[in-house]
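Just so it is clear, A, B, C and D label the chains in written order, and each chain counts residues from 1 on its own.
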Amino acid sequence: MDELEIDVVAEVELDDPVLVEGLPGVGHVGTLAVEHLLEELEGESTLVRRIYSREFPPQVSVEDGVSELTCAELYAVDVPEGRDLLLLTGDHQAQSNEGHYTLTDAFLDIAEEFGATDVYALGGVPTGELIDEYAVVGAVSDESMLEALEDAGVEFREDEPAGGIVGVSGLLLGLGERRGFEAACLMGETSGYLVDPKSARAVLEVLEDVLGFDLEYESLDERADEMEEVIGKIQEMEQQQQMDVPTDDDLRYIG
Amino acid sequence: MDELEIDVVAEVELDDPVLVEGLPGVGHVGTLAVEHLLEELEGESTLVRRIYSREFPPQVSVEDGVSELTCAELYAVDVPEGRDLLLLTGDHQAQSNEGHYTLTDAFLDIAEEFGATDVYALGGVPTGELIDEYAVVGAVSDESMLEALEDAGVEFREDEPAGGIVGVSGLLLGLGERRGFEAACLMGETSGYLVDPKSARAVLEVLEDVLGFDLEYESLDERADEMEEVIGKIQEMEQQQQMDVPTDDDLRYIG
Amino acid sequence: MDELEIDVVAEVELDDPVLVEGLPGVGHVGTLAVEHLLEELEGESTLVRRIYSREFPPQVSVEDGVSELTCAELYAVDVPEGRDLLLLTGDHQAQSNEGHYTLTDAFLDIAEEFGATDVYALGGVPTGELIDEYAVVGAVSDESMLEALEDAGVEFREDEPAGGIVGVSGLLLGLGERRGFEAACLMGETSGYLVDPKSARAVLEVLEDVLGFDLEYESLDERADEMEEVIGKIQEMEQQQQMDVPTDDDLRYIG
Amino acid sequence: MDELEIDVVAEVELDDPVLVEGLPGVGHVGTLAVEHLLEELEGESTLVRRIYSREFPPQVSVEDGVSELTCAELYAVDVPEGRDLLLLTGDHQAQSNEGHYTLTDAFLDIAEEFGATDVYALGGVPTGELIDEYAVVGAVSDESMLEALEDAGVEFREDEPAGGIVGVSGLLLGLGERRGFEAACLMGETSGYLVDPKSARAVLEVLEDVLGFDLEYESLDERADEMEEVIGKIQEMEQQQQMDVPTDDDLRYIG
C-alpha cells in the first residue's frame, strides 16, 4: 500500500461542481448529512473514486461477512436543478497529524481534476447539553464569502468555534485557501453526546439554500424521532437513579 | 536495520500453498492454532523465512540466556494428504498504524513468491464472558467464498465482528483482495480474558475441513484442562471475596 | 503541504538583527512578551514570513468567521534606538519530537537569511506557587555570554532549570550553537497556573537593557491587574469551599 | 539536524576494543557503571565522538547556565592492563521505536570503525522490592559465550528477563548478532525504585573479571551509603504513617 492509492471507479463530466465533505466528526453531523444527500440523490449519483491510504487505520469493516478495506469514497452527483456535487464520505479520519495534511491534499487534488473551486466541509459544534434550537455556525476561507452565507442563515460568532476547526474539515479551509479554492465550514450545533439527525438537517437546509436543490427529510426525521425516544429513556433512568442512591444528607443521620 | 530485512533460511517447492497467519491477538487464538499445526506437522515443516523490521518493537526475547531479535517466522509445510501450507507466526505485531500496512504487504509478497493465492487469517472474537460453546465467526474478501466456509460450520453474523478486524489479520483480507488473493478470517469465540486452547481447537477443526488434513488435539486439550482449573480457582476466589467485604447494607447498621 | 512552506510576505533590510522567539510555553510568557513588543513597536514592524508545516497541528483558527491555517509568523523590526529585531510568534508548537528539530532549523535558516547571529528565546520557568518577586532565570549557548546577562540582572542558577529546556526554545540554543549563533534563553519565573503578564514584563526589562530600546508597559500592567483580580477571586472561592466540607475531624464525632 | 550527526572530537588507535554501553535504564545501573569507569580510568580516556540525532528528545540540558544539546558520548579508553574500551554514555534514549533501531545501528557503525567485535550492554533487572544480595543476570547473542560469563559469576536464568530486553541494550544483542558482533547484556538486580550503586558495582565486578582490569569502588560505595540512609528514612516515614491513619477496624467502633 502506497501512501495514497486512488482507485478510478468511473468517470463523470461535471459542471463547476462543489466538493461537499462529510467525514466522521462531532455528532456525526457531516456524515449523516452527506449520507442523506446520497440517499435523496441516488438516481443522479455515481461512485467515482475510492481513496485508500496508509494514513487510514489498518483495518477492514465487515458487512454480511464480506470485508472492506478502510477508504474514503467520492461520488459525482449530476444535479438537475442545482450545483453539481462531489460528495466525500468515509468511516474514518487519518490517524496522525501529518496524515490529515496528506489526505486533505489528496481530496483537493481530486476536486481540481473535476474542475471544482468551491468546498463545503460539514460538521458539528458541540454545545455540551441537549438543545431545542439548531443553529448552524460557520467559518470561511475568505471574508468575501460571509454575506451570502449569512443570508442563508449561517451564524458567524465572535469566539466560535473555540479552539478552531481540527482535522480534514479545518484543513479543507486552510489548504483550500492556499490552493485557490473558496471553502466554507458549516457546523450544526449538537449536544455532542449522540449521532444527531436534527443537526444534520439544519446544515442541509443551508446547503439547499446556497446550492439550489430541494430535499425531502422523511428518513432523517424518522431517525430524529428515534433519537428523541432514546433521550427520553436516558433522562428517565437518571431520575430514577437519583431517587435510589442515599445522599450525603442521608448518611449523616445514621445511628 | 532497513524497514524490512527478510532472511532466506531455506527454499522449499510447494504446490498452490495456503498462507495461514497466526500473529498475536485476542485470546492468542491464532498463535495457539498455528503453533499447534507446527507441532502436529513437525516432520513436514521447514523454516523458510525470518522477517525482521524497524516496525517491530525494538527488543530481543531471551531463552536459556540466548537472545533473539523480534521477528516473524514463516514455515513451509509439505502436507501429504491436504493443501500445502505457509505458516506465519511471531511474538509481536507492528507497533504503528503504518507498520501494519508495511508488514502485511511483506507477508503477501512472500506468499506470492511461493505461488500462494489463498489466505487464512486466524484469530479470536471476544465475547466478554466465559463460554461453553465455541462458534467460529468468519469474514471473507469476496462473497463467492461464503458458501464453502458456511458448509464447514463457519458463522457469518450480521453485525460481527463489531468494529471490523484490526491489524494484520484485517489487512490480509483488505490488501489481499486488492492483490488478487482470496482471503478469509476465522475467529474463534473466546472470553478474551485468557489464552484459549478451546477456541484455537474450534478454528483448527474448520481448517481441517477446508484444507483436507487431520489433526490430533491431545496437547491442546491438556492446555484446555489447565485453563479450566485456573478458571475454577478464579471463580472460587471471587466468591470468597464477596463474603468477606462488608456491603453497603452492613455499613448502614453501624452504631 | 510540504514538510515546510515558507511564504515570503515582504522583504526588509535589517542590520545585524536579533532573533527573538516567543512561541507558546509555560505561562505563555514568551508569547505575551513578543506580542507586547509587536504592539509597542508597531510602526517599525513588518510581517516578512509565514511558516506553514505538516509538523504543526492540522487545524485552522477562526477569527470573525474567517479561517487561518496554523503557522508561525516572523516580523522584521527596524528599531531606531536599539538592535534590529526579528520577532517570531505563533499559536502552536510542533506536534512531534522530530518536528521541533525541523521547525527550529527552519527558523535558524530564515534568521541566517536576514544576517542574524544572535538569538533570544523567551519563556517561563514554573515555580508551582504564586509569587511576588519575578526573577529572570537564564541559559546561554556559550559561557562567554554569561557576564553581560548577569549585568542585566539575569540569574544563572546551579540546578535550574531542572530537566533542561524542552522544545524550540531549547533547540534554538542547542542547534543555534552548532550553527554559529550566540543564543540565550530568558525564562521569567511564573506560577505556571496562569498567563502571566508580570513575568513577561520582567523578561522584557532584561531585553530593554541588553538590546538598547525603551518600552512602555501600560497595556501589560492592565493585564496584570486583571490577573490579580482573578487570583483574588480564586483564593476567596477556595476559602469558602474549605468551610463547607466536613473534615476528617468532623466525621470522627458522628454518633 | 539530520537523522544522525556524528561529531568527530578526536581520533585514538585502539586494539580490539570492547564497546561498553551505559545508556539510561532500570535503576540507572548501566549509566552509573559507565560513569564510574570513566571516573576511575580518567587518565586513559579520550572523548572521541558525540552523536546527535532527531531521534533524541528535542531539548538541551543546562549546567552552570550553559546549554548542551541532547547527545550520546563515546570515550576511547586505552587500558594498560586489560582490554581497550569504547564507553558509550548519555542522558536519554531514543524517543520512538524506530529511533532505537537507528541509534543502535549508528553505535555499531562507530564500533566497527574502531575495530570492535565485542559488546557489553549494561543495565538493571527490577526485582520490585529492596534486596540484600546483588546477582548479575545475563543474556548473550550466541550460546558459545555462556560458559565464560558463567565462570565470571553471571547467572543465566530460565525465565529471565521476563519480557526480554527492550531498547538499545536489547538491540545491541539483536542487531549486533546479525552484524557479526559477540554481544552480552549484564543486568544487575535492583529494586527499580532508586538509582542503585550497589547493583552497578556488582555489574562492574563481572566486567573486571572478563576484561582484565582492576577498579576501586570508594566513590560508588559512598553513594551506596547515601542510598541506604535514604531507604532508612523512607521506611521510618512509612511506619509512622501506618500508626496515624485509622484502620478499617478503628472505624468499625465509632459510636
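Criterion: a residue touches a chain if its C-beta (ideal position, glycine included) is under 8 Å from a C-beta of that chain, and two chains touch if they have at least 3 such contacts.
These numbers were taken from a predicted model, which means no experiment stands behind them.
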| item | value |
| --- | --- |
| Copies subunit D and subunit C - interface residue numbers shared by over half, same or different | different |
| Rigid-body rotation angle, subunit D and subunit B, from Cα fit (steps of 5°) | 90 |
| Subunit A-subunit B separation of Cα centroids, rounded to whole Å | 37 |
| Computed distance of Cα centres, subunit D from subunit A, in Å | 52 |
| Subunit B residues counted as touching two or more neighbouring chains | 254-255 |
| Footprint of subunit B on subunit A - complex, ascending | 1, 5, 52, 54-55, 57-62, 64-70, 95-96, 254-255 |
| Residues on subunit D engaged by subunit B in the complex (per definition of touch) | 97-98, 100-102, 104-105, 138-143, 146, 156-158, 160-161, 164-168, 170-171, 173-175, 177-178, 183, 185, 252, 254-255 |
